[in-house]
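There are two complexes below, and they share subunit A, which is joined by subunit B in the first and by subunit C in the second.
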Partner chain A sequence: MTAVASTGAAAFLGRHEGLRNRLPGARVAWVEALRERGASAFRAQGFPTRRVEAFKYTDLAGVAGQVFGEPLTSVDDAPALPDATHPRAVFVDGRFRPDLSTLGELPFAVRSLAEALPNLEGRIGALARPEDAALVALNTMLFEDGLVVDVPAGVDGGTIELLSLAAESERAPAFHPRHLVRLGEGATLTLIETAEGPLNARYLHNPVFEIEVAEGARLSHGRVQQEGREAFFLSTVRARVAARATYDNFTLNAGARLSRNEIHVALTGPEAQAHMNGAQLAGDGQHLDTTTSLDHAAPNCASRQTYKTVLSGRSRGVFQGKIHVHQVAQKTDGYQMNQALLLSEEAEMDSKPQLEIYADDVKCSHGATVGALDADQLFFLRSRGIPEPQARAILVGAFLTEAVEAVAEEDVRAALSRALDAMRARQGLAAGLEEA
Partner chain B sequence: MLKIENLHAAVDGKPILKGLSLEIAPGEVHAIMGPNGSGKSTLSYVLAGREGYEVTEGSATFAGQDLLAMEPEERAVLGVFLAFQAPVELPGVGNANFLRTALNALRRAKGEAELDAMQFLKLARTRMKTLGMTDEMLKRSVNVGFSGGEKKRNEMLQMSMLQPRLALLDETDSGLDIDALKLVADAVNALRGPDFSALVITHYQRLLTHIVPDRVHVLAGGVIVRSGGPELAQELEASGYAGVQDGTPSKRSFDGSPVAA
Partner chain C sequence: MPAVTETIETVQAVTEGGYKWGFETDIEMEFAPKGLNEDIVRFISKKKNEPAWLLEWRLKAFAMWQKMEEPRWAAVTYSPIDYQDSHYYAAPKAGPKSLDEVDPELLKTYAKLGIPLKEQAILAGVEGAGESPSDSGRMPIAVDAVFDSVSVATTFKHRLEKDGIIFCSISEAVQEHPELVRQYLGSVVPQGDNYFAALNSAVFTDGSFVYIPRGVRCPMELSTYFRINAKSTGQFERTLIIADAGSHVSYLEGCTAPMRDENQLHAAVVELVAMDDATIKYSTVQNWYPGDAEGRGGIYNFVTKRGACRGARSKISWTQVETGSAITWKYPSCILQGDDSVGEFYSVAITNNRQQADTGTKMFHIGRNTRSTIVSKGISAGRGQNTYRGLVKISPKAHGARNFTQCDSLLIGDQCGAHTVPYIENRCMSAKVEHEATTSRIAEDQLFYCRQRGLPEEEAVGMIVNGFAREVLKELPMEFAVEAQKLLQISLEGSVG
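Right after this comes the complex of A and B.
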């Protein structure tokens, strides 16, 4: 079967059609049925256009118009790997690479989804349903692999890393990994996820995460999106957080030509907590979108969100954040702050906070600001002898600090600070401050 | 030598300085007094290079260099330091990190060796002690949560670390109790020497009993209307600006604030 150089939804549907017998789980009835659900949902929705409310500010026409190459990637590429600080699972073009991974002995199960697939019935698609979102549908019909993490009840899983790399190639691959993370009652885990690729390679990375955090468990999920500047990153996280459990998510959204970072969290048991923080750093030509939704579906839950966006050159930032407080969710404590710093005249920010509150005894607040660097602060720094570019970088760092400091888990905070410094350097905003 | 000649400056198109001339020789400290709104802060901002202050006529040179043609950071490298009347807060920027960054930026620009973290901390602690500051103020964000007096001391800490050749002190004494005032004066006096000049803007004669100026000038309506020796400060304190303010004689003391006898 040779790939036809077609584009858009039709190309991906054609690919599913052509590969259905070769994709993992091809002869497993429930997998086939699930992929079929994905295909029919994607056929019905296609790539969302800007007429779809959720995509009002983010145009996927650029993705839809691309020709992507063979999805079944070869497994012999061995790209250079950044140093690992913790046990690490490595994916190249969406495929698990045991040869590059250094997981060692872990007190819990970490598997490749492609291998574990026959045993995952009922688990894939439970939280991220193809019918609910076109990009999840696309992932569902074409996923080849992913990471399956199960931390049993009561186990402290420590810190693991998930590194997704795109290989250097001319193929413009599209890959759609499906990652499943489940923490049993009272379990803890820190998961540091990094997505990166060659600076100038074109590819589509469309990961979907389904995350379950059982009662009293705690998952700290740090994410670094530093894909190459020609990449498309369309990512969906769906997490369900049970009673007294905590889900912490920090996403650094900084790479890619176009990035859509969707995070949907449901607090389903009393006293569950979600902390969702993030920073977006867009340079010339980038479009970065963070879209969150928080479902308060149980009483006495708390959610905290702080998102900071820094835009320079001709770039675009989007933040959409919805908090939905169900009628049963009395004593909800919800907070959302989203702030953007515009460093150029040509940068543009769209933000859309949305509160839907159906309970009467709740505390919910949100705020949004968009502005330029403070002229007084800039002058003050320069008057002390600090050159203007460095002074600007210092103020950008200060702006971002609040979101990073909200991250409770030290491993995550350290990884994020490092990544943030690197991404700022890439955008000419290298960390301006010396440590004393 | 600071040499200001016939300086005219406007803010938002509104003329504020209207032909101000002033010379401060190396080693000299001059004081500027004058009613609120007379243009004292404007003068200090123009000299330090703040945006939005448009020089329409005249010149200002320091050490033979045209200050008005330089960026604020270049002026700092030349040795100009402005202690702000209202110090700026920098949430998220640690005071120690800021100070080390500023100090090393200056040292780099002057081709001097940079200070490592240890050398820096040692120096900062010594200077803080003489200013009656606690170590804890190094850890906080610059000026965030500082009292008015702490902010002013923090400006003086920067001054004593950065070792300027021309210090512009804009009402650094306002809001300080007498002990803090003495510490501030000590910090300035410690820098006095043949290669240091200062322009001390103040409402109060009491600062000038601790930093004894070589000359005192009265700024009113955007020009210097009177100059004299240190005794002029005492005279002004006794009589207010009656007679020096163009057109509108007034008996009140400068801004209506209580004046220490």
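Right after this comes the complex of A and C.
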């Protein structure tokens, strides 16, 4: 009798074995083949250790050592939902819940991946290839559902929300949603994504996004990661941006015990643009990692990145960001800034910006700073009668604002500001001047 | 963009014409048999008449090396090195006693390397020469000349001894000052530090040894001139510099090798130790043979250089101008242990034709109020690949530590690459780390400005490149600064001018 592994890569591979006939698309040949690709890539790679350069600063041993269960097939009592300001798709434990969603009449198609799966051949695994990343491989062999958004050419899709919730449960569920977003030529869309769950529940959320932005289209993608403090959040975004198209991504990375937020954008047509901004707020016991890569694969493209990290308590922040300029990508304009504030003696920030440049007619730069709050600025505020905790909070707010202000889309900026204020309050970093 | 087109054309037109030190000296040599094993380690140790502890130290390193795997993480590519297909010891037959007896070939070698006649006599190993004050009235430079595996001469030793300064080859130091060597050898770069350091620890042959006593300011620049001459050899030099409390020394290092189709390995280890209030300034002009335009031949320069600021307020400053070698792979580093100690790294690295460089520094901030400055200028031309890789690590107790890093890359031509990979690890709230990097090509308007004033394009580009590298070049001692400027120009010959 063979023992069934309960943790680590073996447990997930075992789950794939056990579920292969029940997962969506089980009798569709190409889906089976794709899952098999995922399984063999994950078998080969396992959970990356710190010896893998990309995971030098983020140890997944904590995830690998956990016992995770299946999400329940149906959740009877719906969790409390935050107010919706826009059409919203709701996922609970990685599964689409039409009963909780309020999508209404939209001028474009929004589908559940589980339902649409037979018609999605060639769309899954093209951008996020299981062979390229272990966490994508894990997702590929086990995904059950996701959101499929197609905005046809020339259509303004307005704003939609994607809310991912984890249900209160003792099962420590692991879920691996796969989301596909495609904008046709000249289309526009604002997508506000929120991931949250019960404060003390343990679960693994491993979403993968594959995003295609066709010529002249514009996607604004705001993300709020405020998972519970015992959660593991391992997410991958892969986007391809065509000529004259724009992809805006802002990620607020603030929840979870361990969060790895990977964003990979390829600019594949001339004059494409990417704006990638983000803020990370880590409190005691949290490890937050943002890892980006920007592939300049066409001439005359521009990219802008600003990432801010604030660390308090015994926390750790990681930023890794690579700008890769291919030889054809002449006239590239690339800029990246990442800054971190250490608010406690026990915090640690690891930062690895990276330029890899093979074209000569380019303008690329990056900058990085890590340090404490500026003593002079603090003194300035204190000398005007502002108590120290508030003065510190004001400076933290100003530090973070710089990244939020880079967001062009108003809906996104407003949502992010709200979320940021809430997270700061949770961590005792709110200015609280309103009451004063 | 006529200027750019022209630049690229020039890159293609001129090839290896620039390397002026590529000749070979035909001289009677003594070799160890090819191959690498314990017997070779014993052979080298015996040749050098070393004490038992040092042989044991070497054998331990060799055992470590055998268990290690060759690292592959650098952004450089090369075909596997056959460690058995090389001589690990090569030395000219016994040295001469007077100028008349000097092997004319050895003499010619130094003449060709451009060292003035008087110094030439010194370099050829004529005792007593050059001890008179220099004609120019300026303080002369004391030189240790290392030819393949041995130091052939060290000058101004007697003058330096008056101040209690020890400047000699490391082989001689093992004989004359074993207690110092034993105390410090491997104390900054342990035998098992990395693959190439372990190899060096097992088979190192010569290099320089410097000890500056308490409170002494070394009255002249010290320098070592490394020359690889023999075929199918590697050079594994070991340099150890100790600056005792309150002392000050400036040390220069230069190197050249013949033009050959084979690749030769140069795996050196340099260790610096600075005690309280001591300062060590270490400057390198690295001009090993870079290989031809197609990437045939050239030196693999895989070097471990590290300095320990052990004392409070001590300072170690690395300045390097890397123009040669087929592959340069090194990170001169500082361990800032003493409170208020200072580490500096100034670097210019040029890759032209098929040259590759993966270089930078590591700054370990351990003591309070430690400060470090990193200025790196990378220039890529032809099909060269140039990577800055660096680490700034602040430990939890390094209160008030401060780092500033500036990495700039200049691209000349669209077939080359420039890469920047800094690692920043900060575990101390009151420390501040700042890093900036830029990549661009020579600005059209700057070129136009120079051309418009009648400068040929080659000269204009040379001038702009020198301006780009100025922040680093100004850190060099004057003798080297002039040479380095010329070198920059020559290295880019065929790519720009």
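A few remarks follow.
By our rule, the second predicted complex is superposed on the first by the 420 of 436 C-alpha atoms of A that agree within 3 Å, B and C clash if a C-alpha of one lies under 4 Å from a C-alpha of the other, contacts with A are read in each partner's own complex, and residues count from 1 in each chain.
The rule is simple: contacts are C-beta pairs under 8 Å (C-beta built on N, C-alpha and C of every residue); 3 or more make two chains touch, one makes a residue touch a chain.
Note that the coordinates shown come from a computational prediction; the quantities given were computed from them, not determined experimentally.
With subunit A as the common reference, subunit B sits beside subunit C without any clash.
In the superposed model, A:K363 lies in contact with subunit C only, and not with subunit B. By the touch criterion defined above, A:A347 reaches subunit C but does not reach subunit B.
When the two complexes are overlaid on their common chain A, residue A:Q66 makes contact with neither subunit B nor subunit C. Contact with subunit B, but none with subunit C, is seen for A:S383 once the two complexes are overlaid on the shared chain.
Of the two partner chains placed by the overlay, neither subunit B nor subunit C lies in contact with A:S40. Closest approach of subunit B to subunit C, taken over C-alpha atoms in the A-based superposition, is 14 Å.
Interface residues of subunit A facing subunit C in the complex, by the touch rule stated above, are 53, 327, 330, 340, 342-345, 347-372. Residues of subunit B that touch subunit A in their complex: 48-52, 71-73, 75-77, 81-82, 84, 87-88, 90-94, 96-102, 104-106, 109, 117, 120-121, 124, 138, 141, 158, 162. Only residues 375-377, 379-388, 390-391, 394-395, 397-402, 432-436 of subunit A touch subunit B when the two sit together in their complex.
If you check the complex, the residues on subunit C that touch subunit A are 73, 396, 409, 411-441.
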